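Some structures to go through are shown next.
Next come two complexes built around chain A: one with chain B, the other with chain C.
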Partner chain A sequence: MANTARRAAVSIAKAKAEIENLAASGLAAELVNEGVQPYALVRGIEAPSPPWDRKLYDILFPIPVAYDMGTPLDAFYLGLPYNFSGGEHNRVSGQVVTVSNCQWKLVSWHYPDGKPFDPATDTIESHIIHCRGFFLERGALNART
Partner chain B sequence: MSKEEVVEIIEKVEEIDLFGESGNEVAIIEETVVEIEIGHDNKEAEISVELFNDAEHQRKHFRVAKTALLLDVLDEGARKLDVKLLPNPQQPLDLLRGVYRDHEIGVPLNLDLTLAEFLMQEPVTHHCAVELVLAIQINTRWRVAPQQEMTPRAILELAGLSPAEYSLYYPCDSVEPLPPDTPIKLHRGQRFEAQRDGKYGAEGGGEHCES
Partner chain C sequence: MPELNLRVSTADWDRLRKDFAPSFRGHRDTEFGAIGLLGKRMVDGRLTELIVAKILWPEPGDVIAHPHCALTFSSRYLRRAHMAMRKEGLCGLLTVHTHPISDIYVDFSGYDNRQDPLLMDNLVELWPGTWLSSLVLGARSQKGRLWVSPTRREELTTLVSVGDCLRYLPLNGRPAQRAPKPSEIFDRAKAITGSGALAHLSRRTAVVVGASGTGSLVCELLARAGSKRIITIDHDVVKGANLNRILYATKEDAQFRRPKVEVLKRGIESLGLGCEVVPVVGSILDSAVLKRLNEADFIFGCVDKDFPRMLLCQYAYQYRVPYIDVGAEIGGDDEGIVSTDARANHVAPGRWCLRCTGLINPRRLAFESLTGPERKRRIALGYSDDLMLKQPAVMDLNMRAASMGMMILRHLLQPFLLDPLPATLAENLVTYNMKPIAIARAKNEACDMCRCNPAVGFGDCAAPIGLDSEVAASLIESDETAE
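Take a look at the complex of A and B:
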């Protein structure tokens, strides 16, 4: 019997091209899939150590299947295990997923209200730098709230 | 049997005025160059290179296949001069220029030309200058800075990033953004990070991230 279930069309050619360009520029970025969900996996994000337990971290973030249509990027996952100041970071607190045989925990780091990821100007590259800001505690508009 | 052919004789002797360590004026007499093709049935040519704007005009010589691209000549010239092309030898922002009589420097050469094609152009020269441009990096984007001093606002615009949306950081692990309108002196290879601001979400779990 034919499967009549409707599935969202995957439109990530632009994301693939961006990741290929980043990889060509020397950034350890690759596109990986877990089921139907594509992710950008980026290795070697620099972090200050201490308080982080190492200087390089791997991060992961989902590529929306309609990325090419303008669906924005947001948040990221941190590879497990990790250690921050002898324990856990209170913003590394979301769901855990298994991708590429590794476990990843969602980090609560977003774009500010009124200044979301803008598909017209922002890219996977700029999102990676935005994510790096989390490790540095940089550019957090609500850092003191 | 190898062949020899005089390609070019630069008979003019030039004096370049400089000041020695003692402060006394000294004169350097540039050697007269006789360029000779040797062997290989003229499949190679001898090239000399110097750094653009090098007051001492120190030259390095090497042989290159005429089928090589000027991109390869630039790469080999940079190696001989012991300088590094930016961002990489495959797609450099740096330039190669012809050097003609009386040290007249030509326009940047098309690096896609073969050496043979270049040597067919008048005036003919086997002497080139490697120009190291003021290449800076913003995130993974390389750009040539048009000025030695630029404001962070102008640097962001150079990289195609809106200063209203992005902050510029230097050094890259700096936590405080550079003041957008305070000019900074740039150096070749300088690396900046441009970051959009962020905000922390909920503490203690419960967040989900869906495609």
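Take a look at the complex of A and C:
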């Protein structure tokens, strides 16, 4: 008989399952590792073009190894190269990392004060939706000012 | 002879005793019974404890009992329990029944001795490897045994009930033996920790996680309270900056970068109190190191990070072992000190976990469970400035927290504090205020740690707790780089 109760207390089994479900539903999402740090890599995030130089972008965000214990997600990386309104976006201001043979730059895109990622209700999918907000017109307008 | 104990939550034990109490009243002379599911705890491949993961409270028709007759469990009840045990990956069943005319002495009857092997035969035929433990209760006594095969049985030694208090009850069917008179060293402490409680403390192993400012003080207090065996776990070495707060650490220890736990062993054992200190150099994040907690009768957490606290919580529920977390905080703003708090939390079955009490901050937990390079990138972008604040390291404040933790342990062994213990016991020294915080500030009735933890009481039957050594090492390295 299958043992349904077993699960590692510290693992990212839940994250893996969420990403597999997203992939099964048609989203190009996969789990990748850089050393011992796991990341969710999501391809084909829609962006309005212009001001973005293309319609689809790849993003990457780290999964804390204690994700299954109810840790929130935050931040994401944008796949390089990119071009926004003929130049750089002022929120794409973090360091560059190489993961899965691609370069990525950390984006300053925070959850609003008073409404952080809630591990009880939020998921990797909702974090991706949060990240998508960055590309939308509202974010683009903010970036110009 | 090594002990083989049965560990149960106080709530389950109290309910068993309460539900079965009518069996010992009046003239009906009827046996009562119930079936539980068992997890286990092993040390170096040897079974040391059975853990009652769950009691399947009987439904009408599950227990067939008539006055003056031996009780039988219905095959439906037994099948339900056995199926649940297999489904959950647990190791065995516990049957509990009463002997109504037994009072301070109780023993298994001839009928029990004939029936248990037959039941065991059936269970093993259905699922090889099933264990059967049976417990018989008198009005004020209990006796237990474990069948590992239909022909081989072992006697259980002690029932450990863990919850708001900690009880040790003999499982030999006899009243508890009078504790030996303690050594005169502990004479002056008898008012707060009597001979019985002291005997329990001296026979048990305390594990202290963290051997720095607070951890070294807790070890000292345990040894001076009469503890005879302490396992102390810390991966770090003594540095010059630690000399203001680690007991027994010397300039030479810092010069030679001696492990903190080794220094503590040297210091505590030199006291001549007969306390053995077992040093473990390693991080509690590492599952191989965390496994040493299987020797713990009580755990003290003296760490300043949320990830280890979270793992210790998981351990406390999965193995039903009491965990006392102690710490100190200095709060301040640009103008000066706002608060100086010393704090102790008691985590045990039925009590709130440190996430629900608000002590563990999910953001900090997430930050601590990223690798070093990833943390640095976050910091550079200002994502985690508030998480980078260093914890205070003031020995006088640490002492308040260590003292509170030790008082809680004394209370668990021999209650003297107001019951139940608050979710957090804190002291604000700026306002001379003791704050018993009864409400878990971040409580979540669906918390998968303390309310709906699927592995509670499973012990070694659930997946191991902690990280692979490589991942743990990577996170520790990150901490040190950050320092």
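Just so we're on the same page, the second predicted complex is superposed on the first by the 126 of 145 C-alpha atoms of A that agree within 3 Å, B and C clash if a C-alpha of one lies under 4 Å from a C-alpha of the other, contacts with A are read in each partner's own complex, and residues count from 1 in each chain.
Please note the rule applied: a contact is a pair of C-beta atoms (placed from the backbone, for glycine too) under 8 Å apart; a residue touches a chain by one contact, two chains touch by 3 or more.
Small disclaimer: the values here were computed from a predicted structure and weren't measured.
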Open item on the list: For A:Glu46, using the defined touch cut-off, is the partner it touches chain B, chain C, both, or neither? Pick first, second, both or neither.
Closed with: first
TODO: Mind working out whether A:Gly35 is in touch with chain B, chain C, both or neither, as first, second, both or neither?
DONE: second
TODO: Please work out whether A:Leu106 is in contact with chain B alone, chain C alone, both, or neither, and reply first, second, both or neither.
DONE: both
TODO: Determine, under the contact definition given at the top, whether A:Leu27 touches first (chain B), second (chain C), both, or neither.
DONE: first
Open item on the list: Just to be sure I read the superposition right, which of the two partners does A:Pro72 touch: chain B = first, chain C = second, or both, or neither?
Closed with: second
- [ ] Of the two partners chain B and chain C, indicate the one touching more residues belonging to chain A.
- [x] B
Open item on the list: Shared contact residues on chain A, chain B side and chain C side combined as an intersection?
Closed with: 37, 62, 64-65, 74-75, 93-95, 106, 108, 110
Task: In the complex with chain A, residue positions of chain B that touch it - done: 87, 139-141, 160-162, 165-167, 169, 172-175, 177, 193-211
TODO: Quick one: which bits of chain A touch chain C in the complex? Just the residue numbers, please.
DONE: 1-11, 35-37, 62, 64-67, 69-75, 93-95, 97, 106, 108, 110, 116, 119-120
Open item on the list: For a test of understanding, state which residues of chain C touch chain A in their complex under the given definition.
Closed with: 86-89, 287, 307, 310-311, 314, 318, 355, 362-363, 365-371, 373-374, 376-378, 380-383, 444, 446, 448-449, 454-455, 458, 462-468, 470-471, 474-475
Open item on the list: Going by the contact rule set out above, which residues of chain A touch chain B in the complex?
Closed with: 22, 25-27, 37-38, 46, 48, 61-65, 74-75, 77, 90-91, 93-95, 106, 108-113, 115, 117-118, 121-122, 125-126, 129-130, 132-134, 136-143
